[in-house]
Amino acid sequence: MNGTTTIAEFRDAVLDPAKRAHYRLAWLSTVDHKRIAVLYMLTALVFFIIGGVEALFMRLQLAVPNNHFLQPDTFNQLFTMHGTTMIFLVVMPVVFGLANYVLPLQIGARDMAFPRLNAFGFWCVPFGGILLHFSVLAGGAPAVGWFSYAPLSETPYSSSPGVDYWAVALFVLGIGSISFAINTIATVISLRGPGMTMRRLPLFTWINFVNAFIIIFALPVLNAGLAMILIDRLLQGHFFLPFRGGSPVLWQHVFWAFGHPEVYIMALPAFAMVSEIIPVFSRKPIFGYEFVAASSVAIAVLSLGVWGHHMFTVGMGRPLDVFFAISSMLIAIPTGVKVLNWTATMLGGRIRFDVPMLCCIAFLIQFLVAGLTGISHASVALDWQTKNSYFLVAHFHFVAVGAIVFAVLGAIQYWFPKMTGRMMSESLGRWTFWLMVIGFNMTFVIQHFLGLLGMPRRVFTYPDLPNWGWMNMLSTAGVFFMSASALILVWNLATSFFRGKIAGDNPWDAWTLEWATTSPPPHENFIALPPIRSRRPLWDIANPDRPDPVVGEVSAAVALPDHNKVGILSFILSETGFFGALILAYLYFYARPGAGPGPKELDVPRTLVFSVCLFASSFTFWRSEMALHKQKRGSTLGWLALTIVLGAVFLGGQANEYWKLFQSGVDLSTNMFSTTFFTLTGFHGLHVLLGLITLLIFLWLGWEGDSVSSKFDSAFKAAGYYWHFVDVVWVFVLLTVYILPLVR
Amino acid sequence: MQTSNALDPQSPQARAIYDLAIPSTIIFALIFVIVTGAIIYAILRFRGRAGEPDPKQIPGNRKVEIAWTIIPFLIVILLLVMTLSAMNRADPPPAPSPDLVVTGHQFWWQADYPGSGVITANEIHIPTGKPLSVRLESKDVLHEFWVPELTRKMSNVPGQPNHIWLQADKPGAYIGQCSEFCGTQHAWMRILVVAEEPSKFEEWQRAQLQPGLATTSDATAKGLALFQTLTCINCHAIRGVAGADLRVAPDLTHVGSRKQLGAGILENTPANMRLWLKSPQHIKPGALMPDFTFTDEQLDQLSEYLSTLR
Amino acid sequence: MTTYQFFTTAWTWNSIVLILSALAFVGYFLAFGQRGRLLYFAAAVVVFLLAFISPFSALANGYLFSAHMVQHILLVLIVPALLLLSLPWSFSLRPSLTYFSHPLVGWVAGVGAMWLWHAPTLCNAAATSRTVSAIQTTSLILMGSMFWWQVLAPREEQRLSPLAGIVYLFSACTACSVLGIILTFAPVSICPVYQHPVDRLGMLSTIRGDWGLTSNRDQQIGGLLMWVPMCAIYVTAILAQLARWHSGSAPQTEESNA
């Protein structure tokens, strides 16, 4: 703790759990999900203030027409950073943080499945945030909007490195999000406590579980897009530049294929929070658990197929416009149904109007408005007037603030007692709530009308057209109420932490497992778990005369799948989105060949030979696994070494092919074929390399004698899945790049 | 005063969208009132008091769930059918060849009339009562053409021509703006559509086809000479001036006849013309026209010359 | 020919199809008698007939790629599902056929059927040769049945567990969506015969003119049909799986309250 600590004392402190807790670095090195969760939420709070100040400055500039308070370029950087910050550095971290804290408790687990991965996922957030904001010092923040449309985001039109920082920061943040999702899936599938079957999961857990699947399918598509834009900007690729054969619209497809699921990734956790709070404060179970659970799955699946509704004015053609309109309107149904379920939960209840419930009521009404304006955007013809105007800005702020922020406010007030052992102040909470309701509606309701009056979005100023002036002034005024609300919230958090009323285990008389332990919970979460037979174990205990109906088999002794297997399979699923996007991009340009090199430059027979090596390495790995089962150390290591050699030979063959192409003047920048070819095969090669490194580590561990523990066994198998997956990807790449030109 | 009110359609295409908006809004408003009504009813009727036992624990009701899934489904089908009809009326298939080509640049619009050969910038004249088939293109980044009272918005995508129909019922000036963020001065990429009776429109076209006026005074002659020698012709075209036929920047043949300068940032007066020439970067920082260092005399001559180009 | 004329006159009374359908009914009664669920079987036959007799079929036979896509979807998803649903509860596969009931086989069959028949040479062959077309129809129904077996087999223990079923269906939906995306955005004609249809019925001008369906649009719509409606069918099946999963414990209520 001070300069005179000796090495021995340091090690004792670190190794002794009791002392470690007091060690100042404990929080920085923690792998405890509860502390990681708090770190996530505090980080989100810091960026919330930064993002809020950005918004404040923007609204000040927009308060009056023809304003010169800010330079246009400054304003453009502000709205880019505001959007990016709020989405990636505020909403996502805060919902991941809440899920991180509550989910393991709700299923009766000791921690998340992969605690160190959990910490890694968190640290991606501040590092990504710092990377993004470093751009300010390195030539200026990006000024291209949070979705960075090409060609504006390409080097000829955005020559400073702001966009590069944006892309790399988002890449890092994306990897962090995917890590969290993998962890969530593995935790829910593999770490449930005795009696906690999948059908008894609280809705908060179920919805976050479903959400994790959206994350693993959508974020990798963003990563593919970011890779493409970085290749364009830094390596002279041409994915999105039309004058070299690229397509600006392709960026929109790739980005929104991520971007639309992203908004559900943010919204679903809000639904999860509200689905816990409303029942507790209505003193009734959620109305129609199965329907809320099923509609979450429907939303998750449908969300992957509606992205074109962001592109109704880009000229996709009538058939595509219509089909995306159909799918977008369809997704409104499960979303809307939920609002009815939540309302029906309140009907017939005995509602308590504590702050969490107030937030949920505001959520319901505001989300309803957001959903209805959303359907208006799904209607193509209406969208042709309202898109890219303040009407759209109003819509998505009703979702992001009116729904999500309000749900989070309620959730914080609800779970703060569990996290800290003290209640937040009800009166300060009410001040926060009412100021936020007034400020939010003041700012954003009027923006619907501004949009209908023709005011486009992303403008640093506007002419003095009729009514635009006072409407904008009103919108700006609301910001002050919201700022006051935020300040009171921070004050509430700080003072309640030190002087709040002691909460006890279950201050709200709630029914899920997190309330069956102390506040805050001990390090291992539970001393003992209550019997779990229904969805509300604590209700059953408190109401033995009318317990909930038993869900599923009475004594559910479930054999849970190995968490390493679930983890690696989730990771592999995430990679399908990444490679899928790259293969589709390859095919897109393959179908529109330009001048220059093409697949005919490729030496197919040679590649086939090297491919056989790669496929053979899957066989040798399998042999290695078999040998491990039989506990034959020599065989295991031998076959493993052979696997590594075969993989290295494959990579060598790839490197050789690259070398030959470079020699004949074909590199990333030559034409669309070369750009997509090197991108696709390059990323595959990178994955092979990472696989080889993993296998080398196993070889070393095995050599050092650690090969007979069961932990090694399960991890080795998981590595095997990854290695086979890399092979499967190569099958597709082989077929698409090398074989397809021969048959067509 | 000109407005750009989407709820005040001035063409059949805009009206088709408006005709969809009204019934849709009524449907949405009804849904809002019913659901919010239920929420408010719940708040008022089911207040809990401290110490009260918990109420009957209703898990759900399958029939209700099915009903309130089917009803939204039917509403959605209705909205879809209405939307399809509006789409067809607001956006019929394009004509085989366009009447007007609007090209987006950072941060101004070029308008070409293939039929007559007129080329102008930012201020687009059209005859009333006739639908014009407009092709939208871009020379650099994404832009978006949006004149709310006349038509749907549509992106100008570089490398991919798009199409809309543009029509105005009555004579008048209709304003719009670029609505796809395109860089620093996206906010000042405004559009002015001037709709005139067909005969007046013909007059305008004829006038636009004339070359730039011959210079009438010593000052304007000097202005023309400056235009030719001080690199203006590297970007700007003036019909009738030798060597001035590049259109990297707005065509200036009839710049004096336009109501605004700088794609809407200034009213077009000789004084403003002079201000613009003195320092475009001061008026519209980030515009692609750099600041030149003119002397006061040169500024007088240039602005006078350009103002005569009516 | 106008649209009205077309939809009233272009019914193809294909005798082979009619005879097969009649035989199918006979076969069904012989095999299952009263134990079967006739309504589903009748629905399957009706859909099958519609796919081949209605004016729709005339469109699919060489005019419109999108119409042919609808036919495909009916044959690989709708008809097999109805057929499986019409089997009696007690039905189980002969032991020699259990290989066909492995989930992976079913998945590859269902997804493969779509991918296979859209390879340009095969697609063209099926549109021009009656023999190949018959093979295509039979294979689609067969492979569709193998796919749906995993989810709609009459006996509980022969099906995948509900959550596994969701993974099965979702991955199939993704695989077909990928093909749909490729078809929608491909600038080249996947099934060249539809680019220059033989105008046997005099409908071409109506199709290209009144209906506004150029061959590009037609292929786009075909791709979109494989994407959105096909996935809607899979999503419905996923929701049905969830419903099955959730309702699996109804009897327990009596026990726990006893």
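Chains: A, B and C, in written order; residue numbering restarts at 1 for each.
Here is the rule we use: a contact is a pair of C-beta atoms (placed from the backbone, for glycine too) under 8 Å apart; a residue touches a chain by one contact, two chains touch by 3 or more.
Worth saying up front: this structure is predicted, and the values here are computed from it rather than measured.
Taken together, subunit A and subunit B share no touching chain.
Centrality by Cα centroid goes to chain A. Chain geometry summary: the mean Cα position of subunit A and that of subunit C are 36 Å apart. Per-chain CA centroids place subunit B at a distance of 47 Å from subunit C.
Counting partner chains per residue, subunit A shows two or more touched chains at residues 290, 318, 326, 330, 549.
Residue ranges of subunit B in contact with subunit A, taken from their complex: 1-7, 14, 16-17, 20-21, 24, 28, 31-32, 35-36, 38-39, 41-43, 46-49, 52, 54-61, 64-65, 68-69, 72-73, 76, 79-80, 82-84, 86-87, 90-91, 106, 140-142, 144, 146, 148, 152-155, 157-160, 162-163, 175-187, 190, 264, 285-286.
Residue ranges of subunit C in contact with subunit A, taken from their complex: 120, 163, 166, 170, 173, 177-178, 181-182, 184-188, 217, 220-221, 224, 227-228, 231-232, 235, 238-239, 242-243, 245-249, 252-253, 255-257. The residues of subunit A lying in touch with subunit C in their complex are 198-199, 290, 293-294, 297-298, 301-302, 305, 317-320, 323, 326-327, 330, 533, 547, 549-554, 580, 584, 587-588, 591-592, 744.
Remark: subunit A residues 71-73, 76, 143-145, 149-152, 157, 242-243, 247-249, 282-285, 287-291, 313-315, 318, 321-322, 325-326, 329-330, 332-333, 336-337, 339-341, 343-344, 346-353, 361, 364-365, 368-369, 372-373, 375-376, 379-382, 384-389, 452-454, 456-463, 465-466, 539, 543, 546, 548-549 touch subunit B in the complex.
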